[in-house]
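Both of the next two complexes hold chain A, though its partner changes from chain B to chain C.
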Partner chain A sequence: MAHTQPTGVAGVQARAAPRRRRFSQRAIVAWLFMLPILVLFALVVIGPSIAAVFYSFTDWSGIGKAEWVGLANYQKLFFQDLSFRKAFSNNIIWMIIFLIIPVTLALFAAGVLAPVRRGGMMFRAALFIPYLLPTVIVAQIWRNLLSPTQGIGALLANWGIAGFDRAFLGLSQTALYAIAFVNNWQWWGFLMVLFLAAMQNIPRELYDAARIDGASRLDEFRYVTLPGIMPTLVFMLLMTAIWSFLIFDYVWILTQGGPAGSSEVLGTLVYKNAFNRFEAGYASAIGLTMSALAGLMIVIFIMLRRRGWEI
Partner chain B sequence: MKLFRISTFVTLIALALAACGGAPAAQPTAAPAAEQPTTAPAAVQPAAPATSDKAVVTFWFEPSDVGGNTACVIDAVIAPFNAQSTSIMVEAVPQPNLWDATRTALAGGSGPDIVVTPGPSFAFELVQADQLLALDDLAQQFNWGDMFVPWALNLGKVNGKLYSVPNEFETLVLYYNKTLFEKNGWAVPQTMDELMALSAKIKEAGVIPFAHSNAEWRPTNEWFVGTFFNRIAGPASVYAALKGEKSWTDPEFARAVDMLTRMQTEGYFMGGLDRYYTATGDERYAAFGNGAAAMNIEGTWAMGVEAGSMPSFFGQAAGNENDWDWIPIPSTKAGEAIFDIGIGSTYSIARTAKNPQAAAEFLTFFFSPATQARLLKDCGSAPAPVRLEADALDGIDPRKAQILEAMGKSSDAGTYGYTTWTFWPPKSDVYIYEEIEKVWAGDMTAQQYLEGLQTLFTEELKAGDIPPIPER
Partner chain C sequence: MATTPAIRPRPPLRLGLTTNYLILIVLTMFALAPIVVMGFNSLKSNAEVGRNPLGPPAAIQWNNYPRAWEQGEFGKTTRNSAILVASTVIGVLALGGMAAYSLARLNLPGGGMVMLLLLVISTLPIQLFLVPLFFLWKNLGLINNLAGLTLIYTATNAPFAIFLLRSYMVQLPADFEDAARVDGANEWQVFSKVVLPLSWPGFLTVGLVVGLGVWNEFLLATVFISNPDLFPVATSYYRFTSRFSRDWSLTSAAAVMMIAPILILFLALQRRFIDGLTQGGLKG
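What follows is the complex of A and B.
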């Protein structure tokens, strides 16, 4: 007996039903696979995040019960706490430094190394190696190198080159910049590798066409390379801006925010309030403010994309 | 709708970052944070295996407190206790960054039965969070009152109830390079004025007066603030201010801050503020040992037995012929020996401990004069403020023995001062060592510094956050 297929709307619905069943089964399987990571995410990210929002409105020592104080922590943060202002301005300085210096260095090095075929890998590896070292090791190395009695400055002074045998980490005027220098030494090699990878995806024909049009190396960089790596560049600028508000490790290891608060950043302020002063509620408010600043960067990024920026 | 999607996305990212913001390790580099231990290493159960009929007591200890020698505390305390007890087994876990690990575990509803904190003000926070057990009945049962010196148990009382017992009785003294002093004909100072004059003379001779720095421990600043408060204003004034009966803005405290600031700005500490903030521990001890620096105000912990402690930088092994000695830190009156009481850690029993009786029995063993003598001799640990037996100091460096004897006499006579990390509430304590750098930098006057301290201290006093202080 011939098997007759249903036709019309009823037929479409009849054929779609098993597909929906298959789809929903596949969806269930997919969600089952995702479930462990979702649970983990909820436990270690969403849960503590919601808790941090709650605690930012409380007077909480970090142990025991929290007392609801409304907006008092934010009032203190924005209108009374001079340390917060100092730390915030230091984070801004940090962001400006890291948006300019390592990015410029990395773009320059990547631009120079991109066409190098022989021995290029050796240079790339050499510049990338600092990024592979643990922060504590890098900080300790540079603490010794910056020592005015045993470091590079002392060596230069022995050679008659004065002015560098100073305790840069111990001077209020230079401490923040000295820490930024150390962090940058480790960081820029990573940026260079990213830019280099992006540059290698630019079609060679574009460079050939530019040369035929009489473009110089600088023109090639400006009109071919930069537009070609723009998404990577802007993404890294965005991430650098966000990370600049989260900096903690180098500052903590090298100066703990000193001398006299000259290298204090929001991250060290959070730590001191939460763990030294037992003001975990207030520390949560600072943490949330840091997050809001990071969120602001992301909003800017999304808005630019929506306006047609290819980033 | 678009706006909603953006704001939802931003909120999620912000929340995720808030979680990072709460933790200190957020970083623009790939390296992991250096100080995040929360997982306990394997427990050490020496001497006897745990059996089901033995009550188990969990005990976390800081390896660095015993000169990095984990085996020492096991041999001196845990193994003898487990060997002699037929009913209790102590599970000892060496736990680096002990306080962070303990606090995190307690907040999460777990943690050890024996709770060790870095000092009475930390134990006080745990009492307020209802994490510790009141020990009065157990103290009476095990006669702790007879074991400790008179004022010691008062340090652990909150609202009249005993919650912690003090360990690591320490003080600050003035160490000096004896050989250098003899070579230059310098007399040890008897008063603060003599100390200032001597510092000027030492500097003129091209020697650094004090081998001080805070690069590896920023709260080092508080050693000096506390020292000058107790020596210039005097312990009675400090006591009155700690009780809220006197203001920190009174002139005697301002004089103390001014004198300390003068020492810093004259470059007496390590040659200048920049070096004070950057010289490592090895650098300053090396300078002290080889005679580049003449004196050092530091705690009794400096006289450790391990490599890297202050004494290891003196003598032929360190490549010099120098020797060190000590005197009490001079005060305004000649011959007045003030020893500031410092407590390096406290011991308590967790509210959640399954067998408080067993935990108390272990604490009784731990704080017994015999065990404390073993820790002192074998591990170089500072002893608890207990009544040590006459032979307890036999075999240790006689200079260390002299300090311990002098501390004991001072505590019995009530002529002691107060260390900031033991008797000040946490916010005021952090203020003392953080903000003093602004005075030294010239960003703040001594009076402004003390006004800030007074404001913060008053807040903490009103909130009842002042650590216990023994009656004077």
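What follows is the complex of A and C.
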């Protein structure tokens, strides 16, 4: 026994040695294929992300030396900066709007489109088109259509339906909702296509079985369709919650956060602090807070799942 | 009367589909009418837009287009956008394709960690690294530099490309590669001569999605390009609309020119676009 063991090990080693060399050669080749993109990630994403954590504790204009100020930026952010509070609550409002309206509309449309055979592909493509358009164009289209003097509101007023000929994007009570409406117009068709794909993966037999059991259309939706698309639905709700803290384009293009900061969101606040006010350290702190809020959504999602929610 | 009870549930279903079509037509109008109105306005004189801002044009003004092309400096901005799109697509396909090959076929040691890293990178918001990246790029002389912006676009688009290409390459039969290796091809030759030609549909999908994203991109282009000579179409159009905010016919014609290439490509390659974007959309 004591005799055979060493030879056994030696034998394995003897056989393994050339294989390991071949393996390491292959490993080097594999890493060489991976390396270029990793270098780029380090330069563009990873390095600056780590730097952002550091700069968020400093007073830094972007040029010259950053001065360490500890938690001062965060203190200012959470306890003094009223525009942060406004932006944060706007992001929350945005999230609530987008968790409900586009999802409901997309579910409804996908449910209507799913049983349609003839022309189904055509409708799917048509409803998807807004998603392809650049933000600047969508913004321009709706800036025109929402114009109180020449847009839809003016037309309705001509027809005797008053109340819509208002500058929705220019009033502080409505600006945020008008921006959300415009963004939603572009977004919901994409969601619809995702839901539709999930619905079409549900086996036909389940619907047949439900029909035999005398289920109504509503029952079918509740007991067959909804469980079938649940993974897609939950994933998109999670992504919506994350993205709601990161919005920038539509707000910036349509109102730049105005009028009077009424549609300010965290994204525009980062931009203004970094590039208009040269408070790069403070902007980094806001950027980091945004990212943390987005990350918090993932944590909540995981916790709900651990709690046994079937999502 | 002779119909069997089994067919009886049918009529309400067909009646239901009529409603479905009606609802779909209304929804399609909601999605497309705003675009059509913009098309109408691009063909009206500005005075006619004032009288009739929503209906079809009475007298078609084709010369809005050359005027918008000229005033919006589309010659220059289209060239800049084309450079950005082409170089980013090439960069993403080359570097992303290599990385995907490494993960799918070369048993990259630590590949699981790399996948996790890719997942993290693809969920990190741009605003997190935007500010330090801007000042880093400034120090490196990469601000107001199309190559500098291309590097950023390549990095932000690569994770999606790697995921998609990897899943495509994993499905390919390994026989061709093994045959090439037996014939003495090295891994680079296997990649460029065997895997690349075999996985072109995956590369085409990624190219379309990335190209569309770059053509439409706004935030990074605004931050990293402030020299008007280097503006891509999107940021240039943004400036254009604030300069000519009263001239709807001109801004509409410019908008049509900006979205025409997208719509033509989409109509030609509909399914590929939708499949690619619904997989890539998870990245946002």
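By our rule, the second predicted complex is superposed on the first by the 273 of 311 C-alpha atoms of A that agree within 3 Å, B and C clash if a C-alpha of one lies under 4 Å from a C-alpha of the other, contacts with A are read in each partner's own complex, and residues count from 1 in each chain.
As a convention for this text, a residue touches a chain if its C-beta (ideal position, glycine included) is under 8 Å from a C-beta of that chain, and two chains touch if they have at least 3 such contacts.
None of the values given here were measured: they were computed from a predicted structure.
Peer 1: For the overlay on chain A, clash or fit between chain B and chain C?
Peer 2: Once both complexes are aligned on chain A, chain B and chain C clash.
Peer 1: Have a look at where A:A283 lands relative to chain B and chain C in the superposition and call it first, second, both or neither.
Peer 2: Both chain B and chain C are touched by A:A283.
Peer 1: A:G258 in the overlay: touching chain B, chain C, both, or neither? Say first, second, both or neither.
Peer 2: After superposition on chain A, A:G258 lies in contact with chain B alone.
Peer 1: Touching A:I161, do we find chain B (first), chain C (second), both, or neither?
Peer 2: neither
Peer 1: By the touch definition at the top of the document, which applies to A:G189: first (chain B), second (chain C), both, or neither?
Peer 2: Only chain C; A:G189 stays clear of chain B.
Peer 1: Looking at the overlay, what does A:A109 touch: chain B (first), chain C (second), both, or neither?
Peer 2: second
Peer 1: In the overlay, answer first, second, both or neither for which of chain B and chain C A:I302 touches.
Peer 2: Only chain B; A:I302 stays clear of chain C.
Peer 1: Look at A:V44 in the shared chain and tell me whether it touches chain B only, chain C only, both, or neither; answer first, second, both or neither.
Peer 2: both
Peer 1: Just to be sure I read the superposition right, which of the two partners does A:V29 touch: chain B = first, chain C = second, or both, or neither?
Peer 2: Second partner only, chain C.
Peer 1: Counting only touches as set out at the top, which of chain B and chain C does A:R124 meet: first, second, both, neither?
Peer 2: In the superposition, A:R124 contacts chain C only.
Peer 1: In the superposed view, which residues of chain A touch chain B and also chain C?
Peer 2: Comparing the two interfaces on chain A, one with chain B and one with chain C, the shared residues are 44-46, 48-49, 52, 62-63, 131-136, 143, 147, 150, 190, 242-243, 246, 248-249, 252-253, 267, 270-271, 274-275, 283-284, 287-288, 290-291, 294, 298.
Peer 1: If you look only at chain B, which of its residues touch chain A in the complex?
Peer 2: Residues in contact with chain A: 2, 6, 9-11, 13-22, 24-34, 100, 103, 106-107, 125-126, 128-131, 214-215, 218, 273-278, 280, 283, 426-427, 430, 434, 437-438, 440-441, 443.
Peer 1: Touching chain B in the complex: which residues of chain A?
Peer 2: Contact set of chain A toward chain B: 44-46, 48-50, 52-53, 61-65, 98, 131-136, 138, 143, 146-150, 166-167, 169-172, 183, 186-187, 190, 240, 242-244, 246-250, 252-253, 255-256, 258-262, 267-268, 270-272, 274-279, 283-284, 286-288, 290-292, 294-295, 298-299, 302, 306.
Peer 1: For chain C, which residues are in contact with chain A within the complex?
Peer 2: The contact residues of chain C facing chain A are 9, 16-17, 20-21, 23-24, 27-28, 30-32, 34-35, 37-38, 41, 49-50, 53-54, 95-96, 98-99, 101-103, 106-109, 114, 117, 121, 123-136, 138, 151-152, 154-156, 158, 162, 187, 191, 212, 215-216, 218-219, 222-223, 234-235, 237-238, 241, 248, 251-252, 255, 258-259, 262-263, 266-267, 270, 273-274, 277-278, 281-282, 284.
Peer 1: Hey, which residues of chain A end up touching chain C in the complex?
Peer 2: 26-27, 29-31, 33-34, 36-38, 40-41, 43-49, 51-52, 55, 62-63, 109, 112-113, 115-116, 119, 121, 123-137, 140-145, 147, 150-152, 154-155, 185, 189-190, 193-194, 197, 211, 217, 235, 239, 242-243, 245-246, 248-249, 252-253, 266-267, 270-271, 274-275, 280, 283-284, 287-288, 290-291, 294, 298
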